[in-house]
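Presented below is the structure to which this report refers.
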Amino acid sequence: MMSRRKFLILTGAVAAGAILPAQISAKTQFVETAEEVRAKRRWAMAVDVSKCTECVKELVAKTGNPEVKPPCVVACDRENNVPEFEDKRIDPQWMRIAKLKLNKPSVNPEEFYIPLLCNHCEHPPCVQVCLTQASFQRPDGIVVVDIHRCIGCRYCMIACPYGARSFNFRDPMEGLKEVNPEVPMRAEGVVEKCTFCAHRVDKAVAEGKEPVPACVEACHLYGKGALTFGNIKDPNSKVSQILRDNLAVQLRANLGTDPHVFYLKLGGE
Amino acid sequence: MIGILFGVIVPYIAVAIFVLGVIYRIVNWANSAVPLKIPTTGGQQKSLPFIKRTIYDRFDSPYTWWETAGRMLLEIFFFRSLLKNTRYYLDRVSQKDARWLWLFGILFHYSLLLVLIRHSRFFLQPVPSFVEMLSDIEAFKGVFIPQVYISGLAIVAALFLLWFRRIFLSRERTLSLPSDHFALILLLAITISGNLIRYFFKANLELVKELLANLMIFNISKAAAIADQIEPIFYVHFLLACFLLAYFPFSKLMHAGGVFFTPTRNMPNDNRARRHVNPWDPEPTAPIFTKGITVAGRTFKSKKLDWDTYYEMYRDQLDEIAEGDYMIVPEEL
Amino acid sequence: MAVEFKKINGDSLPYFALVVILAIVTAAGFYAYVLDHQIAGLNGLSNRVPWGIVNAGIPYFIGLSAGSLIVSALAGVFNIKKYKVFSRIAAYMAAAWIIAAILSIALDIGKLYHFMNAVRYFNLTSIFSWNAFLYSSYFVICSIYLLVQFEEMDRATRFMAGLAVFWAVLVHSGTGAIYSFVYSKELYHSALTPPMFIVCAITSGLGLLLANLYFTFRFTKRELDPSLIRGLALIFAGLMMILGYFLAVEGLEKGYIPALHEAVQFVFLNPGASIFWSFWLLIVFGIAIPIIIVLNPKTGYNLKWISLAGIMHAALVFAERFYLIVPGQVFPEEYLPGYELESLHTLEGYIVSYTPTIIEWAQIIGLIAMVYLIYVVGVRIFALIPERAVEEDVDVEVVKE
Amino acid sequence: MYHKRYVIPLILVFLIGFFTPYWYNAMAGSFGYEPELKKPAGECVEDAKWMASNHMLLLQQWRTQGIRSAAEGGKIYHSFTTGKEFYITINDCWSCHTDKKEFCDQCHDYIGIHPECWDCHYTPDIEKPHYEGIDGLSKYFS
Amino acid sequence: MEEAPEKIEIRQRFPSWKEMLKPVKKFEEGRVSYLSLPKQVDSEFFKMPFGDVERSLDDLKLPDNWKEIFLDAMKETLEKNRAFKLFMDICVRCGACADKCHYYIGTGDPKNMPVARAELIRSIYRRYFTPAGKIFGELAGARELTEDVIRELYYYAYQCSLCRRCSLFCPYGIDTAEIVWWLRRMLSRIGLNQRFSTISIEASARTGNHLGLLPGGMAGAIQQGLEELKDITGFDLHTYINKKGADVLFVAPSADYFATPHWFVMLGYLLLFNELEEKYGITITWSTYASEGGNFGTFHSYEAAQLLNSKIYKEAERLGVSFIIGGECGHMWRDKHQFINTMNLPPKHEEWKRFWEDPDLGEIAEGLRGIRFDSYASGEHGWIHILEFVAALIEHKKIEIDKSRNDHWVATYHDPCNVARGMGLIEEPRYVLRNVMNKFYEMPEHTIREKTYCCGAGGGMLADEIMDLRMRGVMPRMMAARHVFKKYGVNILLTPCAIDKAQFPTALEYWKIPIEVGGPMEMVGNALVLTAFGEKPEDRQYDLRGDPIREGSGGE
């Protein structure tokens, strides 16, 4: 039951009410600022191309299907609710496998397989061009699409040098066989791409564990362990060690985007 | 206590005043006679078959019932007369279009319509899908939470524009009476308080709908109990709206009903095809003046100039004309 | 005698028929949009070619808009009195085309009702974001420019004309930059695009305006002096030559890079693809023949021929937009130089075909019809067209002042 | 009264229009209908009454922090009414409000608001099988 | 406006709303109409309440209980006229009408805005008839009825020409003419009448026409016209007057019998009638009893209008005509189109009935078969405008026209307000003019057709004592006329309205625009080839003004 006094002061509470939404955020104190995170963590992935090639070749041989999906891709699709459609032109892909061959067959006629995924560039062109700041780079380096903001202009797809982004031409719900509650599904008319399994990363960080994206986990579990994920700001992490020991190649490094997916052992041992 | 007073008693009174008041005004107008058929003709009449009438003429100078109805509908839905608005310049030959008033008027009235349709969600159960569809279309769905309804903001803007006309244009300032400002301020207060509830001080809308549902079925004790739980900011909006309802029938806002009665618009221009009968002089055998009019107890009666009187008065001249067999020929020089 | 602008009567049957036809085509365009978004797979887009001809509509319409506006502003900015007769109609067309441009963005984006996000979360580094601002402000400037013309406020008109031209240049550079600043696609990346855009915009807008003026004056049975049009036609031809020059420079520059040899060959010398045709048709029918028409003394003074040249050029500038937008996406990028790459699960590494479907064409045609609907209704509501456009009339006024 | 032929229908139209809720609700048979919420177990992040009016603001704040922050501190929500802290994850609400139909939809249907959250977001009502984690993938590679 | 007279100075004032409620005490010179004298309003045939005393504005000499009488009259009006009551209630004071009034444009007097003019009486209405006005008084825009207010009401009621231009632009169709008309009626109940219109009303009530012409005078005037026509055409023409058994009764405004630009129009009528009679055998008669088409009663009150127009149907019945043709007049057509058959019982005699059962002119004269008046088909009206009639004759090629006879005229056409906005006769005159002359140009679009500007002298405003007001009111029309004069070299302003024809010569002189005034029927008369008399197109040497026709036009 409301008292008369309360009613009267509430007329004066106009000002207090106006800042209600602001209050919610004002009270939230960050135990760890963005700058601190930036100094502490930068996620990256290293791909051992020889192991990867070995794995895919084995699978192709086993199934006889030249378009077979290796464990990493399957895990990515399931984990992130990536829909599957028949039509290759509009089928969204977060992670996919590409076949490489050197231009000079006389030197090396062998084919290699590499996974292609979002490179989580240090200077991501997609973030530069996004109209609505829907694509953004988190302080820990992961580039994410905030689909609440995406308007589907597809400028980021044009700008991305790696073709890492997919547009939802159809309602993704139609192409889903099972659902992972941890990751939101996307709607028709927005752009999506690999997030380095940001939900897994955040959960692991909060629990103080080493984060492992789904593809990496699946690669180790079912594949040859070609993928390595970790924090390159930490010199002791596995990724740092591997990158120290090997010559790493970045895709289209000449553009200066500084991608954070590194390919090792390109062209064999 | 406040809940009962503002949440129960006031709305009942306001609705009663509104409904009875509007009916009273309509009946009151209908009680007056329409002595003459006086449409304002804004275009070519229906006349000889070779005189072309354009579609605009049909609506501006209607001849049939349908054309008249069309004229009224265009008037009501598109404010067609205001659309003809021009402004006169003393120093120029030409006149310019000045349709701002039309634009602001349309903006306000259609926003109001949308706002009212959206408010029907508080009265109708289940909420009709077209109401939801309209709300979704006008809101930037998903961009702002809560949704931002364009009509809700546009109506405030339009009211301010209409009010600024009255404040800043010297001619309009001269014309405006306090009641004109008052109506605008009242509407502004309602719309602004509505927007405040929507975007800043949230009220529990579910309780609001429950309150209204209980009021509708006269479940007063339940309504009063619910009314007490609703946030006070709601009552600012609600009370003002109730006041508007009660104020409506007795103010110029009644133009909403009056526009249907305008004799210059709702009559066809078919005087020559259908005779209009004056209800208070249905059989005019002789002019009223010759029957005499009574003012303050005294009767003033004019003499009737019928042919016989006339003939008596000018007998010689008329006879002379008759002698010439009613024919005039030029005089032989 | 001063130029007097007058509304048309607009009560004849052909007029209503025209309005109805345009309205139907417009409605069909919007219906195509609805279909496009409800049923997947009706358009020719894919994850490799996400921008098609609906997107090409943006630069195309913007170009038509600017071309119109610059004609309009000639009178104001450079004080060329004789073009004052066309200033209203041109400014009005400019405003109408910008609406079409904004709508073609609206038809193109995936989540239309989220568009306010672009305002709410304005991204300073995004050229598209700036363009959204430029387009809307450009529309406002056009409207104010038109308004001050209606109100015959001479000083304000000159000021607004200047501002409008400045803004038009800005908008065009911006639109060009949307494409040319994309450094990840070599066929897009070019510093020449923004200036070429401005030239191309003026020629296409001017070309269409010429035809527009001819037909409007003809249908309203008003007098139009060929010598006035001739002046504009010469400007038109001159700018088309500059456009041709720009195209040549850019093509040759691209062809000079060994890395792009394959792509350039694909674009210019591959008659199997629509891109080849879009380019060469533009060169031949969109530039060469119109220039010949205008410069040939036999045809260059004839309003019919000039408007034919204008229409040809304006129509084929759409091919130029196609040639600008599509090849960069169709031709695969090289992720790892020295290696040939083929994706197992997507279309990366392949040349992807993009053929606009009828649904996409319907949207573009619907927008064009909408602009003409706005125009046809506009000449009835507003005093846009001069009672007669004859050079002597205009000259007399110059003498008087 | 003159023109009864027009005036009486006009009054009737006015009355029918103004009293739309009566005939509409009578036709729908929903006079006095009130939604019944299934009271969830457990403690909410904010006071229930505050939530009834302001939950949309909370959810917006929740989602922005949840997506945009990489630092774990950025993912901590401080309750406005109770002062407690909560770590933001995507499916927190479902832990107590187990039934969307009996909770969310009750009020939303009543007021006629249908937010687009569930176009993408998981709800317990969703009919598709759940993903079982990486370990469950073995069936694809056996 | 390089050549506009220096003397006109428009002082625009924008007082506060409170000041607007206060009655104006100081009346501008040249804008106040004189009050009626007893001989006009206390005459035998036109007896108005309290008309027996001579009044002036300084000394109104109102009856003792004038307030009661006025309010009673107002109450009666509210009951008797829905338009008045509605217009009292629904105005929202949006201001759309404000600059539509030519008197407001010309004078700048804020109370001349149509809305403010209506507000003068509306404030009284609020004070005495609405609860808000009774309670809140001035705040609700209400004011007491005092003698000053009455004076002000009179002052502004007679600054309106009842042209209805404001009504066209009002979103609710509020017709200030209607308000003012009934206000004048209320004022007449306490003895306040305008002298100029009551002179004419009284004369018309007594003699049948406004000029007070006796039958002999009228016959003489027509006869003189016939003589003049003989000089011009060389033919012996004739016409009928008061002829029983004629086919058609013709009613013209009485000014046509004497006044100058009107005169040529009458010659045009006579030529047409003779041609028709000679060729087709249709007889058209004038009447001395119904010798007046105009009706100054429509400027005064419902009853006065009825008093004056009641004669015509009676006369039609007496003469046994089939229908009535009306001449060129503006307010006459408001009266004849919208009022007359409501205010009177239409004639019921046989010829009339027979004709309107099948309104084809072939029923009267076989040669004219095919001209049908189906749109007016009703035995209860029976009026045809002379220009409609001529348009039909031209369309059916029943008369022969030689356009070139009007080549020395470059004409423009002014729509009389009542004909355009009270009747909708817009295209017919243009049709006629395009067919009888080669050089016809329209004035600017917003000053013609239904948006036409008033001549500033309608509604009883033709009085000489309000010359200042008249010249201010005519300004917009003159600006438009000057525009076409400069642009096309127009040398005649045609208008089918007697009051316009009286006002425009004065106004054109005042505004220094060297063009003539005339009526469309004059042009018809010029161009009409009297084939029935054996006239050839090239025979006519002089136009109806006596000027040589082909001089200066053919050669150059």
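For reference, chains read A, B, C, D and E in written order, and residue numbers begin at 1 within each chain.
Convention: a contact is a pair of C-beta atoms (placed from the backbone, for glycine too) under 8 Å apart; a residue touches a chain by one contact, two chains touch by 3 or more.
Note that the coordinates shown come from a computational prediction; the quantities given were computed from them, not determined experimentally.
Look at the CA centroids: the one farthest from the centroid of chain C belongs to E. Averaging C-alpha coordinates per chain and comparing to chain D, the farthest chain turns out to be E. Interface comparison, A-C against B-C: more C-beta pairs in contact at A-C.
Central chain (C-alpha centroid nearest the global protein C-alpha centroid): B. Taking the mean of the C-alpha atoms as each chain's centre, chain B and chain D sit 41 Å apart. Here the spacing of chain A and chain D, counted between their Cα centres, is 30 Å. Put simply, the C-alpha centre of chain A and that of chain B have 61 angstrom between them. Along chain E, residues 82 each make contact with two or more other chains.
Each of residues 111, 114-115, 117, 120 in chain C touches at least two other chains. Each of the following residues of chain A touches two or more other chains: 20, 148, 187. Within the complex formed with chain A, the residues of chain C that make contact are 37, 40-41, 45-48, 50-51, 105, 108-112, 114-115, 117-118, 120-121, 123, 125-129, 132, 178, 182-185, 188, 328-329, 333-349, 352.
Against chain E, in their complex, chain B makes its touches with residues 25, 28-38, 40-52, 57, 60-61, 63, 75, 79, 81-82, 84-88, 90-91, 93-95, 101, 105, 165, 169-180, 250-252, 254-255, 258-259, 261-265, 269, 271-278, 280-281, 283-290, 293, 295-296, 298, 300-303, 305-307, 310, 314, 317-318, 320-322, 326-331, 333. Those residues of chain B that touch chain C in the complex are listed here as 54-56, 92, 96-97, 136, 140-144, 148. The residues of chain A lying in touch with chain C in their complex are 66-69, 73, 87-93, 96-103, 113, 116, 125, 127-134, 149-155, 157-163, 165-170, 187-191, 249, 251-252, 254-255, 263, 266. Touching chain B in their complex are the following residues of chain C: 11, 16, 111, 113-117, 120, 150-152, 382.
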